[in-house]
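Alright, structures below, take your time with them.
You will see two complexes here that share subunit A, one where it goes with subunit B and one where it goes with subunit C.
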Partner chain A sequence: MRERFLTGYNDFVLPFVCGMLFVLAYCLIGMIRIIMQLPGEDRKRFFISLVTPKTLVKNIKDIFLKCLIHVDLWKRNKLLGYMHSSIAFGWFMLILVGHIEVFLYTSNLGAKALYYPIFFRYFVAETESTMKGSLIFFLMDFFLLVVLSGIALAIIKRVRSRLFGMRRTTNPSFTDLIGLYSLWSIFPLRLLAESFTADISGGSFLTKSLNYVFTEFLSNHANMLPAWWAYSCALGIFFFVLPFSRYMHIPTEILLIPLRNAGIRIVNARKGLAKAQVYSCPSCGLCIDACPMGVLKGNIRDTTVYLNRQIRRNNESRIEEISDKCLLCGKCTAVCPVGVEGDKLRIAQRSIRRYNFGPDYSNIDVQNEVRRCNKFVNGNNNSVSRPDSHKLLYFAGCMTALTPAIMQATESILKKSGTEYEVMDRDGGICCGRPMFMAGRLEEAREMVRKNTEIILGSGADTLLLSCPICYRIFREEYSLPGIRVIHHTEFMNELISEGKLKVRKGSTRYVFHDPCELGRGCGVYEQPRSVLSAAGELVEAAKNRRESICCGGSLGSLTLGFDKRKAMTENAVANLMSESPDEIVTACPLCQATFGRYSEIPVEDIATVIDRNSK
Partner chain B sequence: MMDFGFKISPSSTINLDKVDLEKFTRLHEIEPDVYKCMACGSCSSTCPAGRFSGMSLRKVILDLQRGKEKEAVAMMKNCMLCGKCTMVCPRGINTRHLILSIYRIYAEDEK
Partner chain C sequence: MKENIVIIGGGIAGMEAASQLLDLGYKPIIIEKSDHLGGHVAEWNCLFPDMTPAGDVVKNLVTRSAGANIFLNTEISFVNKLKDSYNIMLSNGISIITKIILVTTGFSLFDASKKEEYGYGIYDQVITNKDLEHWFNTGDDKRVGDCGMNAVGFVHCVGSRDEKARNSQCSKVCCITAVKQAIEIKQKFPEAMVYCFYMDLRMFGKKYEDFYISAQRDYGIRFIRGRVSEVSENIDGKVIVKAEDTLSGKPVKVTLDLLVLMAGMVCCKDSTKVANMISLPVDSDGFLKSRDNVTGIIEAPKEGIFYAGACTGPKTVPETLAEARAAALNVHLYINRMK
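Moving on, here comes the complex of A and B:
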């Protein structure tokens, strides 16, 4: 290649260069701020993870698969996946190959390196060295075509989002729209600009052909500069609105992935990881369709994508409204392609709320409780304990106390299997702390956690059985019980059945299993309840199940939703479970059971009562 | 306003109540449901904190209506926010939000 201009400069590169330098500076400062906002311990862990080979490889792999290829979107919908990966990966390859061609064909770059890879074709004339554009130029045109196809799909998606598997999409904000239109115009303008110079600088199947076909218009070199100016301006505008629009997710996600892989959790509601998550939100709106509150149209504006937008705008009253309303079912977290944790983000927002006073449990005498259930401590144990059997402590929890059938059934199963057990809260005990935790009052919740820990450790048990997934989640996440196995009753029954300690008769009833939010998405228990149920009858699946199961609507997560407003959600969740017309709805959460029982036409039971009825 | 040819005179009730209900009015603005409570006591009978401390949401609401803020605040400090009262309330009051609003409006070192 031969340079056309001695200076290698033209004024039209300015909008692009200014925009790019602005974005780079903004992202660099933003990245340093987020890392500095992390608690010292987390920051140290983050830096260590950056140099650990294992996480390093995982970071690179995740960034490639998630940011460029968008694998999660491919799994959801092929068209949606292609649209995103064609734009992201295609653009990345244009930049990469653009740099390669510049370094292959020019020397003495200097400051020209800033804009040559983008505007290369304007500044050079073709010589023999390009082999008539057979390789590099072909690749450039090919990836330009890929990006253009993605842009075409993006335009279609704005009108017909259902083709892409999305019922509702986000309402874009003003800056989002500017970013969107400038992004759409970048690539057609690039095609136009490169087609003008294709007869001088060379090109491939796309640019050169266009130059031949529209020879009257495109070989008029007087039109060349306006086209290059327009291309550069589109890039400049995109870069200038990027930090203030949803496109900020492109650079932020590159930071979020290593932060997540380092195992950092949200500590501050607005800083550090929370900030990285908020800015990583691409406003794709997948959480809108996922949200169980979406059955009522008025709640659409309270989904995670709008929470992120309001946090970016510091709109305190809306942040409070959105974060208090949420059921904390965690489905938005499960479907989010970038990994924004909508539920944890909301708990963090609740935790910065100011109260004049708060609970204080110092007057609760734990020793009294310990004495009541320390059956397994030596000297207090009258029965002959077999060495191989569990020393099991059963914590029923507040919600199970409202559905005593579950407690009876669980105790009956424990007796049938010959397990040695003690009930920790037969007449009600201290709450597990999860409801308080969900209300954002973390310190008060931890006080309850400490009290319960003391009772459990004092009981001498080696297994803690829970029949409520709400308790189960906080016991797994916040409690530290060395030497004690925490187990949910679905897992426990599954073990009893597979070990042959519990004989279950198989009936002909068709059961559908509802995955409770806290058990499924919260603790990742999906298989055990299904295997238990299929021992007792025929198991059918709901339309949306496992990770995508729909919250019953009774969740304690929501602070402001009254009973009247939850009815539509419950009915929607019941309809989802009825897709294969089962005889009975089975769940593993006392709260789900009570909620479904209110509106379901077929019986609703807990898995323990089903198994107890069908076993001997 | 339609003209009926006569007017309803303003109420001539003399309120001798000395209780300052300013905070309760504020609570009622945030939580209109607080007037729905019929003091049935379902919340108190299910309350797990009641076993340890005699906590009773029914009493708290009555106390607040009568201006006995000190007693109510002292009792509120035992709540575990477990949500059982919400589940059993026959009037469908969102008791958890009511309790959080009480924490926000009332203060501990009152008078």
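Moving on, here comes the complex of A and C:
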């Protein structure tokens, strides 16, 4: 292998070099800005995580598996996974092998290092002694073929997205389209350009064969330079539009992964982690099919992918509309291959809105409640406390107060199991704070969190029982209750049954369990309710369940969706539950129960009432 | 006068129309699914505003319509559309060919247990307006204590004007029914405090307003403007009602011996079934859709089909009777035109 030109330079490299330098500079500045925007404490934690061996290994592993191999997409759909990993991994290998080749066969590189690995074949001629290079030739052609197969699939996906397991895909923006077409053209042009020079610089099964087959056209060296120019221009255009198109997700995700692994949470609605998430969105549109609002066509443009796009455009009115409409069911977060947290991102957008006035909870006096609930404080208890028993405080919450059957059943189960308990809000209590938190009114929510914390800590209890997953989630995420175990009634019943404290009769009723958003995706409780239900009857599954469960449509999350709009969502969710024609729908959330009860043909019950009826 | 006239539903609308048609010389056929005539009114005790005994009204109608062909315990199995008439197959095996159908299927009472927060079916001391009328009639209901009724509450608009209950329409009669029942309770238990929780009081009919003022002035019934948020039960088995008094802007909490839910009128499933058989349109509120809501409320958009009473929306007893008479006249004119 020897160099063909003394200067080792040709003007056609300019579009690529300029584009590449632009992109590198843009990403570097962007990265520094995002890191600087993190709150001081988070920034410190981020830097520490970068040098901690455990997170370091996890970062490298995640970047390799997610950015290059796209494991999440493989799990979803093989064809979709192959398409993405063939382009990403194939391109990465082309760059890597290209560099190895350059460093093996050239000396004193200098500025040539900028473009030689990309345009190497133009600048060199094959000599007899490069047989050793044939492996590299082969690898380069092989990975080019891999990428080309991916591009071919991408073109098919544009027309037939259903083959890839996607019903609907995103409508690309103008810059996305430019990026898309330049990306599609890069690799065919590379093949063409390298085929022209295959008789000079050498090649393998792809380029060399092409050169032989179309010998009339490709051996005419007068055609060579335009092809290399076109290849370089395609690269240049792609790099120049990259920061303004969805392809920005490629560099940003490499930053998002370590940020996430450092355990950083969204604080500012537009800066820091939020910004990293927004720019990491590849506009793949998986969230469109996932969104429960998608049953109404008009809501498709209110999915997370469009939220990210509007945040990038600073389109405030649309950001507000999209953020307020969402049910916050979290399904887009669950299916997102890059880890954009659609629900948290929206709560953050809601939190920057300023209200002229708001409710003031500061004057609510909790001393009465503290006195009423302090049954478990030593000296206050008349009955002799057994050492093995829980000192359990039951917080029913406002939704359970509206569904009194659940409260009755839960109390009855507590009595049957001989648990010592006190109801924290029998006479009306303070809201858990989650609805305010969802509305983005974080300060008001924290005020309620403080008041409830005072009551709970003053009660002397060691367990806090919740029958509403909406409460359960905020108690787990935002409350700090040292020494107190927070537990949902599904988990509690599961324990009682497995410890033999609650005897459940098994009937022949076929139950389908609906995973409430806040319990399943919100708190990761999937198995306990199923094991509880299996004790009472036959358990069947919905078409989409667990992480993919469909929101009932009654969620408190949406600030603007009316009842007429929610109806279609509820009916869709009911139809999903009916796939194995169960006798009864069982859920573990009072709100889901009330919502389904409105539209379901078969009975809808909370898991507590089912278990209470079937136990002694 | 050989023309067959089929009246679907033997409530007050069906009977009134039948009696008018009998007077006009026709021989109508009444199809009634239950074992007696009179529908919802037969289960009521007294009717506002003059406290007319419902039993008398029904008895009178039954006598006047006795000449009609009446099929009790009978439902419609299916209807075939012929060239210019309908072939109606009944569950008792009889089939009728007719050109004229009068739909008087009425309404259903809203299932109060669907508003779980009010505790119907969960707490013993929560009953509906229908349960209370049943007790007035028979005195047989363990939930209504014979002695020691200290406080009784009435919740207006249960399942009416309530999007969450899938009924956005006003049921029209519950405001005045609640006033009537509150007065009756006060007459039976003069010592009891009686509360009415309302969101609006729609006293549109003749003498309704007088009735309402009398309830406040003469009987001391307390009207609290605001929806009930939740109902719970205390250890003594009494119900605790939490509501907001929106006039004073304060939350209120009262302990009651009995809570009566004013369940509203919703479309009847049998109306929908009949509508499907004859392919009649159903309105957005679930009731049958008239040709025109102003000038043609008793006419279906189809030739030869007529409506009367609450099958097209909530109605009072006098409104229903008036519609039944009008429908009978329309049927008569329609038959004359056909000749």
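One rule holds in what follows: the second predicted complex is superposed on the first by the 613 of 616 C-alpha atoms of A that agree within 3 Å, B and C clash if a C-alpha of one lies under 4 Å from a C-alpha of the other, contacts with A are read in each partner's own complex, and residues count from 1 in each chain.
Here is the rule we use: contacts are C-beta pairs under 8 Å (C-beta built on N, C-alpha and C of every residue); 3 or more make two chains touch, one makes a residue touch a chain.
The structure displayed is predicted, hence computed values, not measured ones.
Engineer: Based on the superposed arrangement around subunit A, label subunit B with subunit C as either clash or fit.
Structural biologist: clash
Engineer: According to the stated criteria, A:594 is in contact with first (subunit B), second (subunit C), both, or neither; which is it?
Structural biologist: It touches subunit B and subunit C both.
Engineer: In the superposed arrangement, which partner chain does A:508 touch: subunit B (first), subunit C (second), both, or neither?
Structural biologist: neither
Engineer: Given the touch rule stated above, what does A:404 touch, subunit B (first), subunit C (second), both, or neither?
Structural biologist: second
Engineer: Just to be sure I read the superposition right, which of the two partners does A:7 touch: subunit B = first, subunit C = second, or both, or neither?
Structural biologist: Touch status of A:7: no partner.
Engineer: Would you sort A:563 into first (subunit B), second (subunit C), both or neither based on which partner it touches?
Structural biologist: both
Engineer: Is A:480 touching the first partner subunit B, the second partner subunit C, both, or neither of them?
Structural biologist: neither
Engineer: More residues of subunit A in touch with subunit C or with subunit B?
Structural biologist: Partner touching more subunit A residues in the overlay: B.
Engineer: One more residue to check, A:107. First (subunit B), second (subunit C), both or neither?
Structural biologist: In the superposition, A:107 contacts neither subunit B nor subunit C.
Engineer: Once the structures are superposed on A, label A:359 by its partner contacts, choosing first (subunit B), second (subunit C), both or neither.
Structural biologist: first
Engineer: Which holds for A:428: it touches subunit B only (first), subunit C only (second), both, or neither?
Structural biologist: both
Engineer: Clash with subunit C: which of subunit B's stretches 42-50, 60-68 or 96-104?
Structural biologist: 42-50
Engineer: Could you pull out which residues of subunit A sit against subunit B in one structure and against subunit C in the other?
Structural biologist: Touching subunit B in the first complex and subunit C in the second, residues 401-402, 428, 563, 594 of subunit A appear in both lists.
Engineer: Would you mind writing out the residues of subunit A in touch with subunit C in their complex?
Structural biologist: Checking each residue of subunit A against subunit C gives 401-405, 408, 426, 428, 563, 594, 597-598.
Engineer: State the interface residues of subunit B toward subunit A in the complex, per the touch definition above.
Structural biologist: Those in contact with subunit A are residues 33, 46, 48-49, 51-53, 73, 76-84, 86-88, 92, 94, 96-97, 100, 103-108.
Engineer: Note which residues of subunit C are touching subunit A in the complex, please.
Structural biologist: Against subunit A, subunit C makes touches at 114, 116-117, 119, 122-123, 163-166, 229-233, 242.
Engineer: Can you list the subunit A residues touching subunit B in their complex?
Structural biologist: Subunit A reaches subunit B through residues 324, 353-361, 363-365, 398-399, 401-402, 425, 427-431, 433, 435-436, 439, 441, 444, 448, 556, 559-564, 591, 594.
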